[in-house]
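Think of it as A, B, C and D in the order they're written, each chain with its own count starting at 1.
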Amino acid sequence: MATTTAKVAAIEDGSPKAVLTQDDRRALLRYMLLMRATEERALTLYRQGKVPGSYYDGRGQEAISVGTAFVLGPRDRTCILHRDLGAHLIRGVRPGRVLAQMMGRAGGITGGKDGNMHFGDTELGCVGMVSMLPDMALVTCGLALTFQMRKEPRVAMTWFGEGSTANGQWHEAMNVAGVRKLPVVFILENNQFAYSTPNEREFAVDPVKRMEAYGFPGVKVDGNDVEAVFYAAAEASERARSGGGPTLIECETMRMHGHGAHDDMRYVPKEMFEVWAERDPIDRYEKKLADDGIDLDEIHASVKDEIERETEWALSQPMPEAPTALEGVFATSEPRLGDGNAPWSHWKGAGNA
Amino acid sequence: MATTTAKVAAIEDGSPKAVLTQDDRRALLRYMLLMRATEERALTLYRQGKVPGSYYDGRGQEAISVGTAFVLGPRDRTCILHRDLGAHLIRGVRPGRVLAQMMGRAGGITGGKDGNMHFGDTELGCVGMVSMLPDMALVTCGLALTFQMRKEPRVAMTWFGEGSTANGQWHEAMNVAGVRKLPVVFILENNQFAYSTPNEREFAVDPVKRMEAYGFPGVKVDGNDVEAVFYAAAEASERARSGGGPTLIECETMRMHGHGAHDDMRYVPKEMFEVWAERDPIDRYEKKLADDGIDLDEIHASVKDEIERETEWALSQPMPEAPTALEGVFATSEPRLGDGNAPWSHWKGAGNA
Amino acid sequence: MPEMTYLSAISDGLREEMRHDESVFCMGEDIGAFGGAFKVTDGFIEEFGADRVWDTPLAENAIIGTAVGAAVEGMRPVCEMQFADFIACGFDQLVNVAAKMHYRQGLAVPMVVRLPSGGGFSGGPYHSQNPEAWFLQSPGLKVVAPSTAEDAKGLLASAIRDPNPVVYLEHKHLYRRVKGEVPEGRYEVPLGRARVAREGTDLTVISYGAMVSVALEATEDIDGASVEVIDLRSLVPLDTESILNSVRKTSKVVVLHEANRSCGVGAEVCALIAEEAFEDLDGPVVRVTTPDVPIPFSPPLERAVLPQVDDVKEACRELLAY
Amino acid sequence: MPEMTYLSAISDGLREEMRHDESVFCMGEDIGAFGGAFKVTDGFIEEFGADRVWDTPLAENAIIGTAVGAAVEGMRPVCEMQFADFIACGFDQLVNVAAKMHYRQGLAVPMVVRLPSGGGFSGGPYHSQNPEAWFLQSPGLKVVAPSTAEDAKGLLASAIRDPNPVVYLEHKHLYRRVKGEVPEGRYEVPLGRARVAREGTDLTVISYGAMVSVALEATEDIDGASVEVIDLRSLVPLDTESILNSVRKTSKVVVLHEANRSCGVGAEVCALIAEEAFEDLDGPVVRVTTPDVPIPFSPPLERAVLPQVDDVKEACRELLAY
């Protein structure tokens, strides 16, 4: 029940069951690169005036959504947030559909009904976020409640920022998850700011310290170390899947871009960027993999190809037809959530968990 | 910052400054007796059909509202809840006005606009509760924020049940109080049930354990020991008044009546009542004071007199005039909150704290 | 057909759906061991177990938010707010998460939120509210408000089977006062169809929920006039055809409800008529509602704000004489 | 008089009140160091300090609830919701605690809740809502919605001085688009008084907020008809006299707003007219509003739901020809 680092937690119950093959590690890097490339391209499109409204990204936080979502099985479910494009990509969302989404095209995931990161590909098991934070934490509890009631070995995972932990709905979600011992994994991304608000104005004590009093483990990891994040998430989802209840993983990181593209970040001390630039999750992982003799150029090249293809596709998508604006307020059928991709080698042949 | 019992906390920073004279102790007993007598009379009136709507009381919890409110100074402010009639009486509310309130009479504190315990005598510094729990915890933070902004050595105190700690607004209040180090004292009354819901369905871990992570002390005391409650509250309000920030005091007790008069309590194990009947806060304190040679009969007699007088007065009050129902939706002036009584000898001559 | 109270008709409808469909379950404060503040789920925990009759923590956003998650995963949660007034505490999850889900993402959210609503028994400002108009201003929610035992059961069944979030307003004042014959077993009263509670030709009173019986009583005999009474039953979707047909027939309309006046359901009905049936009107469209005040506790005060039989009589008389 | 944008008029009004009265302070998310999501409080923290320009935690009930506590103790808090849409997250404290305080207890709650509202710039379903009608169904709240820079400053001053909780709707689409002469120093535009934006005799368009300019543009020249445009400015209290006077003069009314249709402010205005001015009407009372859908993100979709100049033109033409 103690608040510990992932490593210690792992040691506590024997060395982690989770194993990463070289292919897995290539995949982790590739997804981080794909996330960054997609967001860089989206930002370019925004600056070209092709993205209406506002633009948000997860620059510097790539290791978190990638490292956590990588542990999920096909039938697990997600509520993915605005800094977590990597999770969408891992579950199988094509970059082109994300770009089309941001441009408000018909080919976007919400068909233009919603914009920016406010989407989820329901065919891949994601219930898209709403703007109100952290409302999805409770929806995630509802997904997990269903797995529990049906006695299915499935996990629900969601993400939120540290600022969101000041909101009452965050508390209600943690409390319900603890009381019902739900199979849910909460990923807390502490990127130092909530829009412009620093930690000390959001809470008096690091939120991970609260978890003990909710009756489940709170774990803190280096959010810029994709493998540390992965191992913590693997352990947490294993626990949830086997009836051990929820876990919250706080990932320490830094939001390297503004809250949105409009944000000049005048409130962020310059040094902070310098310090955190040194810890860039992609640079760090590339060094590590290069030392292990993994060919990075190949990965870079394939990511570049993919982004070019996907951008072309996205730009070729039409805007939605005006009449669709009046459609779909009410459901007339009950389409089900589909399953997501599960690229981790652990799931190969494992079939549906 | 540790979660401790009042005694330990007291020892930690030297023996408590708070002192109770024999007159204070007589007063503590008398207020508990007055609360019980008023509620017993109100219940009789309810059974006679003179109290419309529903009826709620704080049977068995008298030591809490009495022991806590007794520490307050005149200019302190309160948001008093539905089990805490003793706090109203200490601040100066006459039993007759409470009975009139419950009977929906013009002489009731809300003039019939609201009923049962949904009232506060604003002239005595109380902002009355709303039904939604625990909304008043945030209002209390706002009162405390004002004292802090004005640099006034004043304290805001509020009460809530353990079930209310599952609600998001409770978290928002604790978090804001911690972040702003507000001069507020939170009294958590754990009376074992939230309506029919036992602790284990409201939370996985005793809520007092959460306080450390909000950045201020959480103290647990025997809620049926009026002096233990008093000393804990005295220490907490002293801390708040001197800029030391908030405290939460969990008072362990038992709701000896149903949630409301309509509640048969079929969900409460019989033994529980027997066990807790043994711990009745009034019986216990009477034994203690009798051993100290305090004359109980005199106190009983004066309480009985007062209740008879007050009941007569209440019954003589007319019902409100129908047209007043349409008045007062909007304010046209700004009446200020008044000061409350401060019967604790500590305040004698102390003037306005 | 057995006679049932409005209350037992609701229980019966909920029980039938839970027996019929494993995915239907209920959640709320004190609905299990205690059987609910009004005993709607009395005996349910014994029959269905604590998982399907969940005594939740005291947290309304949690109730509605987890229900949304369960609903999108294929369950059919039926949430109880202990009093309709507490919906304000779960408002965000209802109007922002549940209501907009299908429009934004094409996901069905088959859930029901039961709201014990309304006044008339000294509940005071926090146990007497009629919040339905908020939901008409929140696209994506369906809203029903039965006035009879038969409709209470049939509309609840439809609400549970509907693929959308449905707000089900059950008026507390009707729980034990209203009795009627209720078909046994499962049946549905379709959403979106008003009911002609009484046929008439001289004037139409349009109402729903607790005020339907007030409308009937008030218009039973107004100097022999033939007064039609329409029970809307469903507020979203609103049965505009039935409303307009009746207006075309009688040319005079009184709209009656217990909720506050400004931007209430009555305002919507009046606006609809003023726009769609202007030529058929032989007089002003009159509203009888609670004025814009909280609901006071004390009996004489509450009586002074809630619409009374005589208020309706007077409004009808004036309009008939117009 | 200096020319100001609607946005700087709001800032100017707030700054003036804070300079004039120590008890006025503001609170909200990112209003300090960042100066607010829309920069309304830019430079405030430097002038007034972090105590009077409080960067609150991310918690809307906390913002409104603590404001209530401060207000009853004699402060005059001005709360900012980062977007009007987030009021759903603080709804309970607003409608149950703030709104009912004076009726129940006779305590004044002099506070303002600023709501950057409305769409028109691809904000999507959660950054475009117009929630005003919810507040008209919540007795105890005053509601204002300025359309000009001068009113934006003057109504904010009145809202801050008023002893009641006032919901102040500032339309985001007007922030930098609307400019106008604004008196220097402190002045108040009284709550509850509508403004005749243009005199006319053939037809009246009643609107408020962002739609006032749409009304003016649409009716500038409709085959030479003389169209009166009423800017309500204040929704609670509603200036029923000005509304009815105009109707009596023109006999034809179009009610226009950006909020959703059902139970919107337009419904209330139509119902008022249908009841109080029936005899003066020469045609149906027509509403032009956003239909009952969430506000979509993509420009062609958003255009399809928000009222456009041509929609208003067409509605007026039809009614004029009636």
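Heads up, the rule we're going with is that a contact is a pair of C-beta atoms (placed from the backbone, for glycine too) under 8 Å apart; a residue touches a chain by one contact, two chains touch by 3 or more.
The structure displayed is predicted, hence computed values, not measured ones.
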| item | value |
| --- | --- |
| Touching subunit A and also subunit B, the following chains | C, D |
| Maximum centroid distance from subunit A, chain identifier (CA atoms) | B |
| Between subunit A and subunit C, centroid-to-centroid distance (C-alpha), Å | 41 |
| Between subunit C and subunit D, centroid-to-centroid distance (C-alpha), Å | 30 |
| CA centroid of subunit A to CA centroid of subunit D, Å | 37 |
| Subunit B residues counted as touching two or more neighbouring chains | 110, 113-114, 118, 130-132, 166-169, 172, 175, 179, 201-203, 329 |
| Set of subunit D residues in contact with two or more other chains | 56-57, 59, 61-62, 85, 88-89, 92, 96, 100, 103-104, 125-126, 139-140, 292-294 |
| Category of the chain touch graph - line, ring, star, complete, other | complete |
| Contacting residues of subunit D [partner subunit A, same complex] | 29-30, 32-34, 37, 55-62, 82-83, 85-86, 88-89, 121-127, 291-294, 296-305 |
| Contact set on subunit C toward subunit D in their complex | 85, 88-89, 91-92, 95-96, 99-100, 103-104, 125-126, 131, 133-134, 136-137, 139-140, 236, 238, 259-260, 262-268, 270-271, 273-276, 278-279, 281, 283-287, 292-294 |
| Subunit B-facing residues of subunit A, complex | 166-172, 175, 178-179, 181, 200-207, 209-210, 212-216 |
| Residues of subunit A touching subunit D in the complex | 52-54, 104-105, 108, 110, 112-116, 118, 130-133, 163-164, 166-169, 194-197, 201-203, 263, 266-267, 319-326, 329 |
| Of subunit B, residues touching subunit D in the complex | 77, 110, 113-114, 118-120, 122, 127-128, 130-132, 135, 137-147, 149, 156, 168-169, 172-173, 175-176, 179, 328-337 |
